[in-house]
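The same subunit A turns up in both complexes below, where it pairs with subunit B and then with subunit C.
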Partner chain A sequence: MVDDLRKFLNHLLEKVNGLHCILITDRDGVPVVRSVTEKAPQLALRPNFISTFGMATEQASKLGLGRNKTIISMYSSYQVIQMNKLPLVITFIGSDNCNTGHILSLESQIEPFLKDLGTIVADAP
Partner chain B sequence: MEKELDKVVEEIMSTPNVAGCLVADHQGLCLASKGTAHVDSAGLIVAISEQACKIEPNLKPPTVCLETDNKQCLIQRHGTITGAVFKQKGVA
Partner chain C sequence: MQSNREESLLHSCFGSLTSAFMGCCYSICHKETDPQENVVNERTHLLEVPEQQQETPSPTACASTPPRKSDEQTALNRILHETATNVIDVGALGPYSLEAGAYSERVRAYTARAASAALPPPAPPRLLADLPPAVRRQMLAAPPINSTDKELITNAVKKAASAISELRVEHHEDLVVPFRVP
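Coming up: the complex of A and B.
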């Protein structure tokens, strides 16, 4: 299942110009599925970077606007889009001029796979 | 801040046979949408326009027309802004 999903994510990487990687991790940044090109910044693939989203989305949900769904972070050379699919987190890293809206539209294509993946990271009974 | 843009979108929507209208920026983020045009389609619309521009890179951005049996979607880019109009095909 994970291999098929990785192949599918690799296919998505080719579809969006400037998209460097798609990561599906748990909220601590531990990778479940990784699809990465050589252009992806290595430091941003590490759990200590990805795990910051867990705290950020929790705080963002306290702003009175409802549950936080997505955080888009624009840096000078990259953009990072992270989606709250707790217990999973989807992280997209692309170039600064990548089509952000196109990346956001990938959510609906990845969503069907998340139900099964969520059982992998679920807490042990 | 978006009053002027809303005025233009309203004007387009009042045109006969127009079912939806969408305006997006260069990063595929929706600036305005009305009618049958979905906010989530902004990224895809900009991506389609970008790919079409690559066919003839030296010419100005082409107008893309996507047609189904009874509807069409016209996409045009002007500078950093991409607009899309969703129309019902008129009765011949």
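Coming up: the complex of A and C.
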């Protein structure tokens, strides 16, 4: 059930110090599963912001370095880590001093659920 | 008699010349169409040339130009498509935003599909896990480690322990030093 997955993501949020939210969305930023704390910036949760990753990862894959997997954006107050798991996109938003490597290590724990979640977004209207 | 002999000689020479000449004409004009004769001789082509080009190239040139043009067009289109795929043009993409109606429709669709989907429950994280009884029995029934290996491990651990116990700090100078500020 998606509720179990949400509880699991909440547990991951508590494990990583400074992590504010974990979003699993489709390419256009429409959320499939989300786990958010009150510290997460609301503007960064909107589809306008998350959908920019789809274009960025597609263009980044043309740089001759292979397929783009992850983009890490560091801001003065936050850091945004987005992973290319098309048709899904995983977005982590944390504080600027959050442990980036710890966030990246969460990928292997979320990976087992992506196959089933991918079928939900497969036939998007 | 002599004249008859000369005449017959002349006739035979002329005859042989005629047959040689006719043979040359025949070999030039006649085409070897027998496919079973693959004998290599002075008439064998050194390079394999397709028969269409050997016969009349000019009348067939006009008939083949339209297919060649379409092949060129296909190749050009393919090159154009590949270049468009590989070129990086961020400015051309422009701002993209999902309409509110489409967004809410998708949210509803995903929520409905997620509710009906049978997702496997996430495994709770743990360091030690119980083995199933069959695997447990198999592990316990396995033969113990070699006695030589056990001795090696024991000796190595004893040596390490004695080495660590011999570690000590040798005091040479005072740790607390007064600052002599004039």
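Here is the rule we use: the second predicted complex is superposed on the first by the 123 of 125 C-alpha atoms of A that agree within 3 Å, B and C clash if a C-alpha of one lies under 4 Å from a C-alpha of the other, contacts with A are read in each partner's own complex, and residues count from 1 in each chain.
Simple rule for what comes next: a residue touches a chain if its C-beta (ideal position, glycine included) is under 8 Å from a C-beta of that chain, and two chains touch if they have at least 3 such contacts.
Note that the structure is a prediction, hence the values are computed from the model and not measured.
J.: Is A:17 touching anything from subunit B or subunit C once the two structures are fitted on A? First, second, both or neither.
T.: first
J.: Applying the document's definition of touch, where does A:103 land relative to subunit B and subunit C: first, second, both, or neither?
T.: The answer is first: A:103 touches subunit B but not subunit C.
J.: May I ask you to decide whether A:49 touches subunit B, subunit C, both, or neither, giving the answer as first, second, both or neither?
T.: A:49: touches no partner chain.
J.: Counting residues of subunit A touched by each partner, does subunit B or subunit C come out ahead?
T.: C
J.: Between subunit B (first) and subunit C (second), which does A:28 come into contact with in this model arrangement: first, second, both, or neither?
T.: In the superposition, A:28 touches subunit C alone.
J.: Using the touch definition up top, name the residues of subunit B that touch subunit A in the complex.
T.: Touching subunit A from subunit B are residues 24, 26-30, 40-44, 46-47, 50.
J.: Under the stated contact criterion, what part of subunit C meets subunit A in this complex?
T.: It comes out as residues 86-88, 90, 93, 96-98, 102-103, 105-107, 109-110, 113-115, 117, 119-122, 125.
J.: What residues on subunit A touch subunit B, complex-wise?
T.: Contact set of subunit A toward subunit B: 16-17, 97-105, 108.
J.: Taking the complex as given, what residues does subunit A use to touch subunit C?
T.: My answer: residues 1-2, 4-5, 8, 11, 26, 28-33, 47-48, 51, 55, 59, 62-63, 109, 112-113, 116-117, 119-121, 124-125.
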